[in-house]
Amino acid sequence: MNRADLEAMAQREQQRQQAFGCRILCCASTPCLSSGGQAVYDAINAVISEGGWEAEVQAVATGCMGPCSHGPMVTVQRPGEEDVVYERVTSDVARALVAAHAGKAAAVAPVEHVMPASAPFFAKQQKVVLANSGLIDPEKLEDYVARGGYRALAYALREMTPEEVCKEIIASGLRGRGGAGFPTGLKWDMVRKEHSDKKYVVANGDEGDPGAYMDRSLMESDPHRILEGMAIAGYAVGADQGFLYVRGEYPVAAKRLERAIRAAERRGLLGSRVLESGFNFRIDVRIGAGAFVCGEETALMASIMGHRGQPVPRPPYPAQSGLWGKPTLINNVETYGSIAPIVENGAAWFAEIGTAKSKGTKIFALAGKVATTGLIEVPMGISLREIVYDIGGGIPDGLAFKAAQTGGPSGGCIPAAHLDTPVDYESLKALGSIMGSGGMIIMDEHSCMVDVAKFFMEFCMDESCGKCVPCRVGTVQMHRILERITDGSATPQDLATLQELCMMVKETSLCGLGQSAPNPVLSTIRYFAEEYTAHIADHHCPAGVCTLEKQPVGEWVTA
Amino acid sequence: MAVVTLTINDEMVSAQEGTLLLAVLREQGIEMPTLCHLDGLSERGGCRLCMVELGSGRLQASCVTPVQEGMVVNTHSERLVKYRQMILELLFAERNHVCAVCVMNGHCELQWEAAKIGMDHVRFDYLNPDLAMDASHERYALDHNRCILCTRCVRVCDEIEGAHVWDVMGRGVNSRVIIDLNQAWGSSQSCTSCGKCVQVCPTGALFDKGATVAEMEKQHNFLRWILDGREKNVWSYSAK
Amino acid sequence: MASPTAAVRTKRRADDEHPSGDPRFALIDRTLKRFQYQQDALIEVLHTAQEAFGFLSDDLLIYVAHQLKLPLSWVYGVATFYHFFTLKPQGQHNCIVCMGTACYVKRAAEIVAALQKEYGVAPGETTRDGLLSLATARCLGSCGLAPVLVLDGEVLPRETPEGTLARVKQQVG
Amino acid sequence: MHKLRFATAWLGGCSGCHMSFLDLDEKLIDLADKIVLVYSPIADVKEFPENVDVTLVEGAVANLDNLKLAQEIRARSRLVVSFGDCAVTGNVPSLRNKLGVDDLLTAVYHEGPGRHPTGGDEIMPRLLPKVLPLHQVVKVDAFLPGCPPDAERIWAAVSALLAGEPVVLEPNMRTFG
C-alpha cells in the first residue's frame, strides 16, 4: 500500500459509512459490557434484522465513550445531524431508540436517556488522543483509516526527515504522559543521535496505578493510533523493532493490539517497506505478568527480556543502553497516542492547547466519590474544580469534597483549598503530588487520610521488587507505623520517625517506585496533619474509618 | 583513556574517565561502607550504603556511578551518615540478626559496618520473620535469618563458577535466595560444592557446617586469583 | 508386519510428544517454536504453560527451563516474581475482588472480609475442599463501576458484601 | 565529694552482663569511691529508689513486670543506659518473637510435666506479645552493646558517665554480639 492507496481506502470506507442512514455505536469496553452492554448490542442487532434494515442501519461495537458510570452507552449518528448520546441503555431502551432513529416506525426516542452534548461532562473536554475512541470499531483498520488514520505516518515518511520529526515533537512541547513529564522530543532526539546497528522503540502499556485505566481504554478503543505513533517514533529514531508491553490484566487490549498489528502488516502499514518506503518496522506485543514496578522503564525492559522485573541504576539511560544493550526509546502509550495528531496538525496547533509548560491534553480516569465517573480528556491547565464539579458533576449525597488523589501510589492528595489549581505538571508537583499517569480519585468526608496513606503504602510494600534496602524494608516499616497510627498504638515519636523514614526512602531508593513511595504519606501529613494527631493524641479518627482498638505499649501496665 | 578531574570532599582528584566512583574514593583512602559490592563481581547498587552526595544535592550510589569531569562529591555529609545508619537499622530489623549466637560473630561485614558507623540501636520494629535453615548440603549450610539479599552468592555462582545454582525468588520483603527450584541444597544437581558462595557471603547466612558461634571466617582473594588468571593469564598470590 | 518406514514415522510422532503423553505440552511447544526457543521468551512461555495447566507445577518449570536451556533457579525466580503466575493449583471457582483505589475508597475491603469470614480463606488461597479460590487484584481498570469483582471470569459491578455473598453462594454453593 | 546514685537492673536476660560488670575487678574499688549503689540484683533492695543518677539496665522487656520496672526506672533515673545486647536489641530472648505467646507457652510448659502457667497468674507474669528492646518502651540515653559487653567496654562507658560526658565508644567497642 502506498499513500494514494491509503487515501482511497479512507474514501471508500467513508462512502460506505455515509450510505447508512443511521449508525448506532455501542460501547463494548469493559465497564459498559459489565453493565449489560452485550445485551444492548444484541438487542440492537435483533431490531435491525427484524425490521430488515441492514442496508440503512449499522450497529457498531466501539471503544470507550467516557462516562463509564452511566453505561451502557450508545451513540446514534445520522448524516447531517448531531450525534445523540444515550446513557444507561437497557435492551428495551435500545429497541426504542433504534426504531425511532431508523425512522421506520412512529416510535418516540427515549429522550429521558439522552445525555445532551451540551452537558458539562462533554462540553469541558477536548479530545485529541481519544478523538476516535467510542466512534470507531477498534477491530477494523478501515474505521481508523476513514478517520484519517496512518495519514500522519505516510506524511512523515514521505515529507519529513527523522530529524525534522524529532524537531516537530520538540516544538510541540509534548511531555511524557507516564507521569514524570520528561520532554518527549528531547528523548527521541537523544535516541536518534546514538550510533548503533540496532535500536528499539518500546510502548509502556503496563498501567499499574490502582484507580487508573486510561491506557487500557486507549489500547482497547483505538489500537492503531498507538501503532501509528510507535511507527513514527521508529522512523524518527532509526529503529526497526518495537515492543508493546501490555499489562497482564488487560487481555482484551492485548488481543486487539495483536489483531491491529496483523491487519496493519497485511496492508503494508507495518512490517517491511512501510507504505512502500525504505522504512521497516515490526511491532511485537509482550504481556506483563503482574508487577507494578515494571512501569519503571529499566524494570520493564528487564521484563521484556524475560528477567525478573527489577530496575537497574541509571545512568546509563535506556536512550544509550536499553534492550539488549542497544539504544531504546520508551514512552507511555498515551504519549504515542498524541504523536499522529501532532504530525498531522503541526506542532503549533498542539502547543496552542494547554499551559506555557504543559502542552496538549491529558486523559484522566475520574473515579471515587463523584457523580459521574469515567474517562475524560481535558486540556492541561484546567482547574481541579472544573474537573470535579463540572465534568464529574460534584460530590454525591450532599457530602463535601475532601481531597483529590492524583498520581496513584507515587502521587499525593490535593485538599479542597487548592481546588482552583490548574492541572499541569508543575502545579501538581508544587502541591506535593504529581500528574502521574492519570488516575484521579475523588474523596469525600468519609475518607480517612491516614487510612488512604496506609492503603498506598501497603501497595508499594507489596510491589517493591526487593532489590534495594530502603524500598524493600523501608516501605514495610512505614506501613507498620501507619498501621499503629490507625490501630491506636502509635506514639508521637512514631510520627517523627515516619517522616524521617519518608525522606530517607525518597532520597536513597534505587528507582522511581521507592523514590515516590513516601509521597502519599508526605502529602497527607502536609495537608491533613491534624488527622494524624487526632489519631495519635486523641485516639480519634475524624472520618470514622479507623478502629483504634489498641493502646501504645507504655499504657499496657495500667490497662 | 582521558583523565577527568573531580572534587571529592573539597579536594581536587584526577581519575581515569569511566572509572567507577567507589574505586576512586577507595584509592583516595576514603572509608566507604559497602555490603552488596565486592571487588571482582558485577555491581548491583542495592544496599545503598555507598551513596554519595553530588554537587546538585542528589544522592547516587558510588558503586555504579562513573566519574565525570567536574563532578563534585561529598562522601560523609550529615545527611549521608544519618541515612546510612537508617539503612543498617532497616537491615537489622528485617531478619533475625542475633549476633551473639551467630557463626560469623566478630567477622561479619554487617556487624562491623554497623559498629563503624555508630548504629548502636534499631528504632524500627524487628520484623522477626519465621525463616528456615537448610543444612541438607554435606559441607555447607544456609540460614535465611542472616541473609541481607546482597546476592553476592547469586553473582559469584553465575559469573565466576558459571553454574547459576542460586537466584532470588519472590519479591520485596518476601524475597529469598534459592537453590535450583527452591529445593534443599543437598538435593541440588547443579551445585558443584565449590563453596564460593559461602566465602563471599558477608554475613552468617552461608557457612561451613560444623562452625559454631564466632568460628566462621571467610576470605575472598580467590576472586582476584581467578579473574587475573582468566583475564590476564596471571596467577599470583597476594598477601591479603 | 508394519513396514520400517511406518515404524520410523510412529517413532518420530512419539518424539514430538511429551513423555507424559499430555497433549497440553503441545501448546507450550507451539509458543516455544513461535519464539524460536529464545531465552527472553520465558515470560511468554510461562503464560502459555499456566493457561494450559492452570498453575505452574515443578514439573512444568523444569520442562520450560530445559526447553529454553535456562538454569532452574532463574525460571523459578521469574515465576515467583510476577503476581500473575501461581505455583499452587487453583479452586474450581475463583473470585477476584478489586482492591484498586476507587474500589478501596468504596469499601471493597468489607467484601473481602465477608468472603474471608464465610469461606475461611484468605486472599491468595483456596478453600480446603478446592471449591473456591479467593484473590484480590491491584486494579481491574473498571473504576467507574467500583467496587468491582470478577467471579469465574464475569465482571460484576457495584458490589456489596451481602450481594456478593449471595451471588458467590449461589455459584459455588 | 558528691557520690553518684548508681543502679543496675535486670530484666529479661541471663545476668551475663552483670557477671561481666563484676569482671571490672580492681576497678570496682575505684568505682565504689565514686558511687552509691542504690539498687541492683547484687544488692538486696526491693523497691527501685527515687532520684537515681545512672541506671544500667540489663535484659529485654519480655513481660509486664519488666515493663513496669522499666517505666519505674525511667521515671526515677536521670540517665538510663541499655546495658548489653538484650536491652539494646532484644537479642536471644527475642528469638521467641516469631512464635505466638500461646504457642510458646504450650511448647515450653504445657507439653511438659508439672503445672501449666498461663502468664498473669501468681506463678508467672503475663508475657508481652513480643520481646522488645528497652528503647521501644522507654526513652534510653545511651547504648552499651555486647553479649556481654566486656569489662573494658563497661569501664569506657561508666567512666564517661562518671565524668558527666556522653557515652561515645570506639567502633570496636560497640559491636553487637
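For reference, chains read A, B, C and D in written order, and residue numbers begin at 1 within each chain.
Simple rule for what comes next: a contact is a pair of C-beta atoms (placed from the backbone, for glycine too) under 8 Å apart; a residue touches a chain by one contact, two chains touch by 3 or more.
Predicted model only: the values in this text are computed from it and were never measured.
J.: Measuring between mean CA coordinates, which chain is farthest from subunit B?
T.: Greatest centre separation from subunit B goes to chain A.
J.: Is the number of contacting C-beta pairs greater for B-D or for A-C?
T.: Higher C-beta contact count between the two pairs: A-C.
J.: Measure off the straight-line distance from the CA centroid of subunit B to the CA centroid of subunit D, and report it in whole Å.
T.: Each chain reduced to its C-alpha mean, subunit B and subunit D end up 33 Å apart.
J.: Where the CA atoms of subunit A average out and where those of subunit C average out, how many Å apart are those spots?
T.: 26
J.: Just how far, in Å, is the C-alpha centre of subunit B from the one of subunit A?
T.: Each chain's C-alpha centroid was found; their separation is 40 Å.
J.: Distance-wise, how many Å sit between the C-alpha centres of subunit B and subunit C, to the nearest whole number?
T.: 36
J.: For subunit A, which residues are shared contacts with two or more other chains?
T.: Answer for subunit A, listing residues that touch two or more other chains: 291, 308, 463, 465.
J.: Find every residue in subunit D that makes contact with two or more other chains and list them.
T.: In subunit D, residues 136 touch at least two other chains, as defined above.
J.: Out of subunit C, which residues touch more than one other chain, so two or more?
T.: 77, 81
J.: Among all the chains shown, which pairs meet the touch rule set out at the top?
T.: Pairs satisfying the touch definition: A-B, A-C, A-D, B-C, B-D.
J.: Which bits of subunit C are touching subunit B when the two form their complex?
T.: Touching subunit B: residues 58, 61-62, 71-77, 80-81 of subunit C.
J.: Can you check the complex and tell me which residues of subunit B touch subunit A?
T.: Residue positions touching the partner: 44-48, 51, 59, 61, 64-66, 79, 82-83, 86-87, 90-91, 93-94, 123-125, 127, 148-149, 168, 170-175.
J.: Over in the complex, which subunit B residues touch subunit C? Could you list them?
T.: By the definition above, subunit B touches subunit C via 163-171, 178-182, 190.
J.: Spell out the residues on subunit D that touch subunit A in their complex, using ranges where they run on.
T.: By the definition above, subunit D touches subunit A via 64, 67-68, 71, 128, 132, 136-138.
J.: Hey, which residues of subunit D end up touching subunit B in the complex?
T.: So the residues of subunit D touching subunit B come out as 82, 85, 88-92, 94-95, 97-98, 130, 133, 135-136, 140, 143, 145, 147, 169, 171-172, 174-177.
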